[in-house]
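The two complexes that follow have chain A in common; it is paired with chain B in the first and with chain C in the second.
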Partner chain A sequence: MVNLVVEHLKYRYPLGNELALEDISFEVKKGEFIGIIGENGSGKSTLCQAIVGLVPNFYKGAYGGKVLVKEIEVAQSDVSEISSYVGIVFQNPFTQITGSKLTVYEEVAFGLENLGIPREEMIKRIEESLKLLRLFEYRHFNPFELSGGQMQRLAIASVIAMKPDILVLDEPTSQLDPQGSEEVFQAIQDLAKNGMTIIIAEHKIEKIASYADKIILLHKGKLVDFDTPEKIFSREDIEEYGIVPPVYTRICKSLNVKNEAGFYPVTLEQVYYELVKVYG
Partner chain B sequence: MDEVIRVQNLSFAYKQDYEVLKNISLVFDKKSTAIIGQNGAGKTTFVKLLKGLLKPTSGEIYIKGYNTKEVSTAFLSKYIGLVFQNPNDQIFKNTVLEEVMFGPLNILKDKKQAQENAIKALEMVGLQDKMHIHPYDLGLSDRKLVSIASIVSMDPDIIILDEPTIAQDHKGNTIIKNVIKELKEKGKLVITITHDMDFVAEIFERTIVLNEGIILLDGNTREVFSQQEILKKAYLELPHVAQLAKKLGIKQTLLTEQELINFLKHNKLNN
Partner chain C sequence: MRYLSLYQEGNSLLHKIDPITKLLFVIIAILVPIIINTLTMALAFFIISTLLVFVARAFKRTLPIISFSSLVIITVLFIQGLFYLKNQTPFFTLGPFVFYKEGLLYATGIAIRIFNIINAVAVLIFTTKPSDLIEALVKKGVSPKIGYVFSSVLQIIPQMMSIVDTILDAQKARGLETEGSFTKRAKAFIPLIGPAVLNSLISTKERAMALEVRGFNSKKKKTFLNEVPYNKYSNVLQVALIAILVFSIIWRIISW
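Up next is the complex of A and B:
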């Protein structure tokens, strides 16, 4: 079942000289895990904001084409109307924090109150998401007393607790410790398996390679490719788009080791399997 | 060994009964050093103490011999610069150039020299074409580079980078690696906090693991990455190459792509 459709999307910021997004089209099915990659300024964050309707409703600017979330056209509806369907974790966690709540616990409660979630259910969700992000012991802290990574964990927890149908994450683990970042990827993979659609912009190429079903490759606001990680990272021209493939893929390229389908391996398990065949 | 920083029995608490750093003692010489550890371990707190922005609850910190309790932060800023984790905490001028000139102007009191230093620093981070833009019109990745240039332009002997690679693409990462290498060649002490283990493996001679306010490991980077069990306890991981080498049953701690490729070309795997 398709639950996100982007059709010929074009967008220019009010003060921008060039299009930030140019004729973007793709479809995502329920429960798919989609990665967005591209160099700095390629349009990842703009695309994320367009999926949740902040582009154009908050940023204004020149907009063309369509984004349909569960058949609702986001540009035509107000942000609060679609916020029960889509949630976004912003690139900068400071933007996420309301600034008006005194504790970490209340911060997570805020979004749920707005959705009108019953009290019992609310308490359950707050505790679950705080534990998932290892923040439960900090629930009485003021959000501004958290470390950078803890604040990013809070941003993720607040959005996950809202259980949107489509979860958009913009570089959500940039300040997380290595195990924390792995845990977050595993957690959102579990959510995807239970039917949540995941769209995640990331520079951590090894993570995208092992978790994404498909990858959107952006360059200068255009969609260059939309395909599986092994096909994307086996493209001979990938570095022209400012993307360096995962370490494992690079090692296989240097040693000229490909899998049976003729692609370079992209994950630890795959590269291990291929290298043992050749060097074992 | 030239001692640049000495930390003696340092403890620190933001609130009573909640010690963030617990009786830390160590010495920094000029070896480029990475500080790694889980979220909330106390890394940012530690470097704010070095910079004199926070004062020890107990214990002493000496920066080039000066006790941070006895001199002002303004005085210390000639010797030690800190690039904040969140660039928005640091940026307040109207153009990129003014922002990067602010520090050197304060120290040198000479506009021409300050501008020269600022332009050099901006070239180093590849922002010379964005000099006249308002810093807030830049994306997070460029803003982070502006905050690095603002510190480099002051030319302190000690430069601390708190998670410099946040939001950077491959090109930005390479720029930062080159800045660190260049600073090192100039004889500066560079201390960097990061969660990117590949970055640590590639660049830093020494690595310190901070965990719940104490130092869990401290040594040459390869030695530190040979302690997988302890790293796990600190919520850390091995660099990607080391993970693969380990999975392949290779006993040595290999850190870079080239090391692994060379190994495979000259050895047989025993599994």
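Up next is the complex of A and C:
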């Protein structure tokens, strides 16, 4: 089942000279894990914001094409209305804490209160999302007392509680230490296993290689390719887009180890699988 | 966790009364003695609010405010006792100074009114969490945006102060003098302003988006996680308080 359609999306920021997104089209099926990669300024954040309707509803500017989430056109709808279809998590965990709630539990309630969710349903959803993000034991903590990784997981829990079909994450671990990042990736993986559609812009290429079903490669606002990690990282011209393939891919490339389909492996497991085939 | 609040945990009767009722009491304790401008009325409310301070077990915390304002009151007593325009009846003398009954009474009236206000406000702020008061007001129809501004400021200011502390510590560790004379401290502080302000400007945009996607501008009717767990007499209390206000206005009009 398709639950996100992007058709000929074009966008220019109000003060921008060039198109930040240029004729982007792709489709995402329910439960897919999609990575968005590209060098700095390639349009990853802009694309993430367009999927949730912040572009063009929060940032005005010139907009063309369509983004459909479950057949609803996001540009024509309120961002708050869209929030029960698609949610977004940003880089900085600090700025996503509302600051108006005194406990982790109440923080998750914030969005639900705004949407007018009945209290019993609210409690159910809060507890579910806190458990899913492994924050339940911290429910009485003040949000500002959490570590970076916990805070980012709280941001995710707060969005998940609004029951979106799609979760968009824009470099959610770029401001975290390795342990915090690991916690967050673990959490995202759990969500994916639960059937949530994940779209994540990320510079950490090995993470994308091992988690993503498909990757969107952006360059200067254009969609260069949309395919499996093996195909994307096996591209001869990949480095021209400012992307350094995962270390496993580079090793296999220099040893010319390919899988059956003719692409280089991108994760340790895949390398292992191929090597076992060769050396027994 | 640091949070701008004077609230003190407790289980007094006043902790159990809902914030709106207490706020209503503060308003009435201030207004009624103004509407019915007699010393008796002022005294009556002073006695009530003082009793409530004790019931709230907030006397110890109110005392510093009372003592501080007493300094001002004593000056007023002196000035009015000596120089009040309607002074006629000498009350006592202190060296060359003659204190008059009229002036002293007048000053006492002022003192009673001020202490009444302090006590009434103290009852509210020492027994009510600011977040509860704000939420109660939002439930009564105050805009959630205004509510958000107040409740986030209460948390974000201490948050920013702790960031400044962290940076100051870091500077100290690098040998910069951050303590001592005012100029020294100012010199250490000024370089912080740029990054702190810039940082908060950048994060404002992201915070605005984060609020937006959590339905901050939603047109739906808001619901609340926290129910009002307060005691069932609060409606009766509120009606009684409003009745007192209405009666005092009527009284004032009749007796004009």
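Convention: the second predicted complex is superposed on the first by the 241 of 280 C-alpha atoms of A that agree within 3 Å, B and C clash if a C-alpha of one lies under 4 Å from a C-alpha of the other, contacts with A are read in each partner's own complex, and residues count from 1 in each chain.
The rule we apply is simple: a contact is a pair of C-beta atoms (placed from the backbone, for glycine too) under 8 Å apart; a residue touches a chain by one contact, two chains touch by 3 or more.
What you are looking at is a predicted structure, and each value in this text was computed from that prediction instead of being measured.
Chemist: Mind working out whether A:90 is in touch with chain B, chain C, both or neither, as first, second, both or neither?
Modeler: second
Chemist: Is A:114 in contact with chain B, with chain C, with both, or with neither (first, second, both, neither)?
Modeler: second
Chemist: Classify the contacts of A:166 with the two partner chains as first (chain B alone), second (chain C alone), both, or neither.
Modeler: Neither partner.
Chemist: Considering only the touch criterion stated at the top, classify A:275 as touching first (chain B), second (chain C), both, or neither.
Modeler: After superposing on A, A:275 lies in contact with chain B but is clear of chain C.
Chemist: By the touch definition at the top of the document, which applies to A:106: first (chain B), second (chain C), both, or neither?
Modeler: second
Chemist: Pick one for A:40: touches chain B only (first), chain C only (second), both, or neither.
Modeler: Once the two structures are laid over each other on A, A:40 reaches chain B alone.
Chemist: Quick one: is A:200 in contact with chain B, with chain C, with both, or with neither? Answer first, second, both or neither.
Modeler: After superposition on chain A, A:200 lies in contact with neither partner.
Chemist: For A:19, is the partner it touches chain B (first), chain C (second), both, or none of the two (neither)?
Modeler: neither
Chemist: Looking at A:255, would you say it contacts chain B, chain C, both, or neither? Reply first, second, both or neither.
Modeler: It touches chain B, and chain C stays clear.
Chemist: Could you give the residue numbers on chain A that contact chain B in one complex and chain C in the other?
Modeler: In the superposed arrangement, which is not itself an observed complex, chain A uses residues 91-92, 94, 145 for both chain B and chain C.
Chemist: Which bits of chain B are touching chain A when the two form their complex?
Modeler: 14, 37-41, 44, 85-86, 88, 137, 139-142, 163, 166-172, 195, 197-198, 232, 235-237, 240-241, 243-244, 247-248, 257, 260-261, 264, 268-269, 271
Chemist: Going by the contact rule at the top, pick out the chain A residues touching chain C in the complex.
Modeler: 49, 52, 54, 58, 78-83, 87-88, 90-92, 94-96, 98-102, 105-106, 109-119, 122-123, 126, 142, 144-145, 155, 158-159, 162
Chemist: Using the touch definition from the top, list the residues of chain A that touch chain B in their complex.
Modeler: Contact set of chain A toward chain B: 15, 38-41, 45, 91-92, 94, 138, 145-150, 153, 171, 174-182, 203, 206, 242-244, 246-248, 250-251, 254-255, 268, 271-272, 275-276, 279-280.
Chemist: So in the complex, the part of chain C that touches chain A is made up of which residues?
Modeler: 1, 3, 131, 144, 147-148, 151-152, 155-156, 159, 203, 206-227
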